[in-house]
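After this come two complexes, each holding chain A, first together with chain B and then together with chain C.
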Partner chain A sequence: MGGKVTCTLGEVKNRADFIVYWGGNPAECHPRHFTKYTIMQKSRFLPRGRKDRTMVLVDIRETKSVKAADIFLQVRPGKDFELITVLRAMIKDQPVDDSAIAEIGLQRSDLEDLVARMKRAKFGVMFFGMGLSMTRGKHMNSAALLTLAAEMNAFTKFVAMPMRGHGNVTGADVVMRWQTGYPFGVSYHRGYPRYNPGEFSTVDVLVRGDTDCVFVLGADPGATMPQPAIEHLKRVPTIVLDPHVTHTSRLANVHITTAPAGIAAAGTAYRMDEIALPLRPAIDSPYPSDFEVVRRIHEAIRQKPDWRVRSPWIERQLDAAH
Partner chain B sequence: MLRIKGGRIYDPERNINGQVEDICIQDGKIVASVDEDAPTLDATGLIVFPGGVDVHTHVAGGAINFARAMSPEDHRRAQAFIRTQTTRGGIGGYAPTTFATGYLYAGMGWTTVNEAAVPVLSARHTHEELHDIPVLDKSLLVLMANNEILLDLLDTGEHERAKDVVAWYLWAAKAYGVKAVNPGGVAAWKWGHDAKQLSTPIDGYQRVTPGDIITHLARIVDELHLPHPMHLHCNNLGAPGNVATTLETMERLEGHRAHLAHLQYHAYGGDDWDSMRSAAAQVAEYFNASPHLTTDAGVVLFGDTVTITADGPWQHLLYKLTGRKWGNLDVENETGCGIVPYTYKRTNLVNAVQWAVGLELLLLIDDPWRVFLTTDHPNGACFWRYPEILHLLMCRDFRRECWNTFPDRIKQRIVLPELDREYTLLEIATIISAGPAKALGLNTKGGLAPGKDADLVLYSPNQDVAQMFSHPRYVIKAGQIVVEEGEIRSTPAGREIIFQPGFSPDVESYLRERFEDCYTMSFENYPVEMERVENPLIQSADPSGQS
Partner chain C sequence: MTNTPKSPELRVIDHATCTFCGCVCDDIKLHTDGNRVHKAERACVLGKAWFLNHTAERAYPDAIVDGREASLDEAIEVAAELLYQADMPLIYGLSNTTCEAQRECVALADAISGIVDSHTSL
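Presenting the complex of A and B:
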């Protein structure tokens, strides 16, 4: 990650009078976002709620979210990066060619209006979804949007936030970072964490067939990964912990049914803004929690002879004892 | 049980200055005597210090974890911690991973750390990280000086309720003390502004000024009998000429206890970046005459690091000055946080002045019980560089070697060349252990008398001071040998020290009502459950008013 100018969702709820959704369809993918955090909420600073807020949607196609927007900007597929670059120039009053704007599929007047509104806002926020971060340009697009948000702070308050996917992906990211320094794509093969997305990410490791065992927790790679990765899952011992039958559990050697977290098992989930929420079970489950299963597997592995490196100090103690 | 035999003891509290004495340990505590046949550790010729105590560091929680995400290029060149039978894998560098943090601190002889800036909203996350920092005992301070519920109460002058609110938050976070960062300035930053004048009302408020927050919060902390006074990061951090704000702040603290964090960043003269100069002498003079105050130095060392602070507006300025990456995280109702990577260069006038000011304060403040060693890790430098600073403090010639390389235009702006003081070993033991333990109110830390926690460190005497302090011969935590000859030998879990203040029960219904407006989390989910805290050690104020 380069940098990121962001906030917790309560700041958006309390202050954001200018809200951009870019490359996402919150009406369908994050249905509670509008009512809980963004356009519908009233607050001390925005007492009239929806009337005090402007909502802009940027996407390549009309989705159900368009109805909720005050302004819809339909960008040509694959031209998000160009649009962000043009906006970065326009906020600084740098000249932009007509051809550059035409290429994006928008009118100059639309963009001038957008820039004026952005600068007039007291508190602007840009949420960006997979339509931005997973299409042509990928992380370059996200980085450009984050930079635009950072640069807007020369004029007014502005923040940006990715709309994260399902499950507790943010939680996994947070824990990996404090334990290894990196969010994902970590290899421990040399005994210390190394990071290289594209080499150590799960999909790459599976496609290359580098693992001789796979342990799946809180994910369903069998549903989303490319065929060579799925073939490898079938080839090696694959163990799945999941409350439900999934694509992956069907091709796994072992499926341990666990209690669903937040429904029948306690735990912690990290919200997309990295705030930790306690999960409290509402019902009992005959199945153990993920935590309990992992704990027992770990306990069993500890019974085996320890193959890890001994410190030179321990070696000396052993030598001395002999 | 253990008897440490024949070591040269440095115990500032009892003014023991290198005398040879045995130390006996039982059940994790130092005791007067142990059985004749207790195992013995031969410490003949070794120097024995109480374990180091860091009064101000940033090792766990949302901010440092944000910094880790922003530093992959540093992780690659940083020290790698390879997993062994006793240690887990990790990365050192300027934002070390949690396990590595424990090994690095313990490896250097530090056994207690105080995480100095935690939003209550991310306290649950912070406790999870603290749980993954082995060996060390830990405490945390919560950010209160920009909390909007609190500012509203101060604005309308409701002192008693404000006090209950602070106490409730402290307990909700399972925290130890109260931190104030740029009072009012971070609240103003929520609209992109700052608070630079102590007597001007804060953006969006009728009456309350930064100065009011400072005095009210200090008073609240005193009235709640917290063991550690209000821990204050003053307004105008880092700005040329901010000495005026710092002196005014100290004036406003008259009659209250307070700890001034990383004073180096608040002791500059001049009018702008070109005319910036040291004002350490002025600050130290006022401070020396203010016995109710303690401080930590916040020393800067040359090299790469990452700056992280709740002071959002300052970080925005630093981003504009450096053009490097910028992380910002505003926390609803409570505070902000900014992250900017930074390189301190000896050829840069501002950085050279900063380097000198940190050392000048340590040399000009005459009472070692009131000024402590910190770098405001990782802001001024990483904590694992402390031994370099000890070398600078103990050796005037080494200091001269350093400042001699500065251009003349820098030498005219600092007072360091005039300072001949050299720290003694007993003074070093005071500023790295006994003093910070006392300021934190951790009565069982920072000493070697019977009754203290058996946290201690043994050094082999060495002319090379930095070498001696970075490679202790033994480190003992709660009676257990954790480091021997620079290697981690065992990694027991540490404890978390929490303070339980008293508050009126109706504060709950007051806060519950305001909660939905201010937060996006339910009132029930907000407080950290005690079972999430690792080995809690709960302190509370006793009725006599002494804690």
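Presenting the complex of A and C:
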């Protein structure tokens, strides 16, 4: 779980009586989250379902999710980190300046009420979306919120969970953690995995022009990345695997059509709480799966002479094995 | 749930999994004839659109190499050569795909001494 203070959605469904959505709009982006996992579910511990649960929404503007919430806190854009820090102080009864609260755009009474409710809860959960993790402060915001969740455990059970977006991004984190020890932004240039977001994260690598060949799978950077990154994609050989001819395919040297995962290709995907689920395809696609194509490319490369740099220790291990 | 070749026969797939959003609902009931999904019970609007918009139709060529249609075998050869020749290859994406493919991508990054990165870094 990467050190997060978290739980599964099954636990949320059965036990969470206090649910916070922070910087996300589940009503439109995760339509079944309310009904399947959180506020609408009745359980053994919360037999009255919605009535036994409190939902708080924290966001910079009113979204469709406001209707579902009991409490809506409108925070000034870019002030999430400040709000989390104030809450961390308030739960520990530390003094907080009026100016600090005014800066966030909220009332002291709202925050006192929130803190009291958080402490009264039997099981609290905070879901945080891209409104928190992709705005000013980025991963520092997520880290602060996870710390708040950890600190709340001095008073009651509290957890936090990221609201992951499209497809199987959670699976990418899990698989990379399993294979390399790190969740993303991993380099094998020295023959062993190294992790350094900012150095090995895609946008930075592309904007600096640090790569001379890009292999894209299950994403469309040509449509979503900043222009300087796209310019570099155009300059270097690019290979795309996708069920559709995408923006990236149009500027790529090689496009290979693959079967859409979960609809025509079987396999495994991870839910946002890191539970693995089997995919049950319904369509007989004329195209091969991503797995099959990557495996064949890997196989074709293995046929070529190996040029990788190895440490003397690894050389000795390989010699001993042969 | 065997992968029978294309037949107009309608089958029902219970407990199918939707991967459109992070909820990854695994209680979807799909009515399919193998060519397209006719009904996606219990899926939300986004999930329904996701399932109903894909068909088994051959809408695109197997592969495109430098702007012209190519066979899968040729495209794999060209892709392998490009990645093999590169000094600093980058493997990116890994969100709309299976864990099996993701694992294979990490192995590929290892084999070509490249970078592997996902959507998470954005």
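Quick notes
The rule is simple: the second predicted complex is superposed on the first by the 304 of 322 C-alpha atoms of A that agree within 3 Å, B and C clash if a C-alpha of one lies under 4 Å from a C-alpha of the other, contacts with A are read in each partner's own complex, and residues count from 1 in each chain.
In the analysis below, a contact is a pair of C-beta atoms (placed from the backbone, for glycine too) under 8 Å apart; a residue touches a chain by one contact, two chains touch by 3 or more.
None of these values were measured; they are calculated from a predicted model.
When the two complexes are overlaid on their common chain A, residue A:Gln179 makes contact with chain B and with chain C alike.
Touch criterion met: A:Pro312 reaches chain B, while chain C stays clear of it. Of the two partner chains placed by superposition, only chain C is touched by A:Gly267; chain B is not. Counting the residues of chain A touched by each of chain B and chain C gives the higher count for C.
Shared-chain residue A:Asp290: touches chain C; no touch with chain B. In the superposition on chain A, contact is made by A:Met134 with chain C only, not with chain B.
When the two structures are aligned on the shared chain, A:Tyr37 is found in touch with chain B and with chain C.
Of the two partner chains placed by the overlay, chain B and chain C both lie in contact with A:Gly191. Once chain A of one complex is fitted onto chain A of the other, the partner contacts of A:Pro278 extend to both chain B and chain C. Shared interface residues of chain A, touching chain B in one complex and chain C in the other, are 36-37, 174-175, 179-180, 183, 188, 190-191, 268, 270, 276-278, 308-309.
Residues 1, 3-6, 13, 15-26, 30, 32, 34-37, 44-47, 50-51, 54-56, 58-66, 72, 75-80, 82-122 of chain C touch chain A in their complex.
Put simply, chain B touches chain A in their complex at residues 60, 62, 65-66, 68-72, 75, 80-91, 93, 95-99, 121-122, 124-125, 128-129, 132, 190-192, 316, 319-320, 325-333, 339, 484-485, 487-489, 517-521, 525, 529. By the touch criterion given at the top, residues 1-11, 13-15, 36-37, 43-44, 122-123, 150, 153-154, 156-157, 159, 174-175, 177-183, 188, 190-193, 195, 268, 270, 274-278, 306, 308-314 of chain A touch chain B in their complex. Partner chain C is touched in their complex by these residues of chain A: 29-33, 36-37, 134, 163-176, 179-180, 183-191, 197, 200-203, 205-206, 210-219, 221, 224, 237, 239, 243-245, 249, 252-257, 260-272, 276-291, 293-298, 300-302, 304, 308-309.
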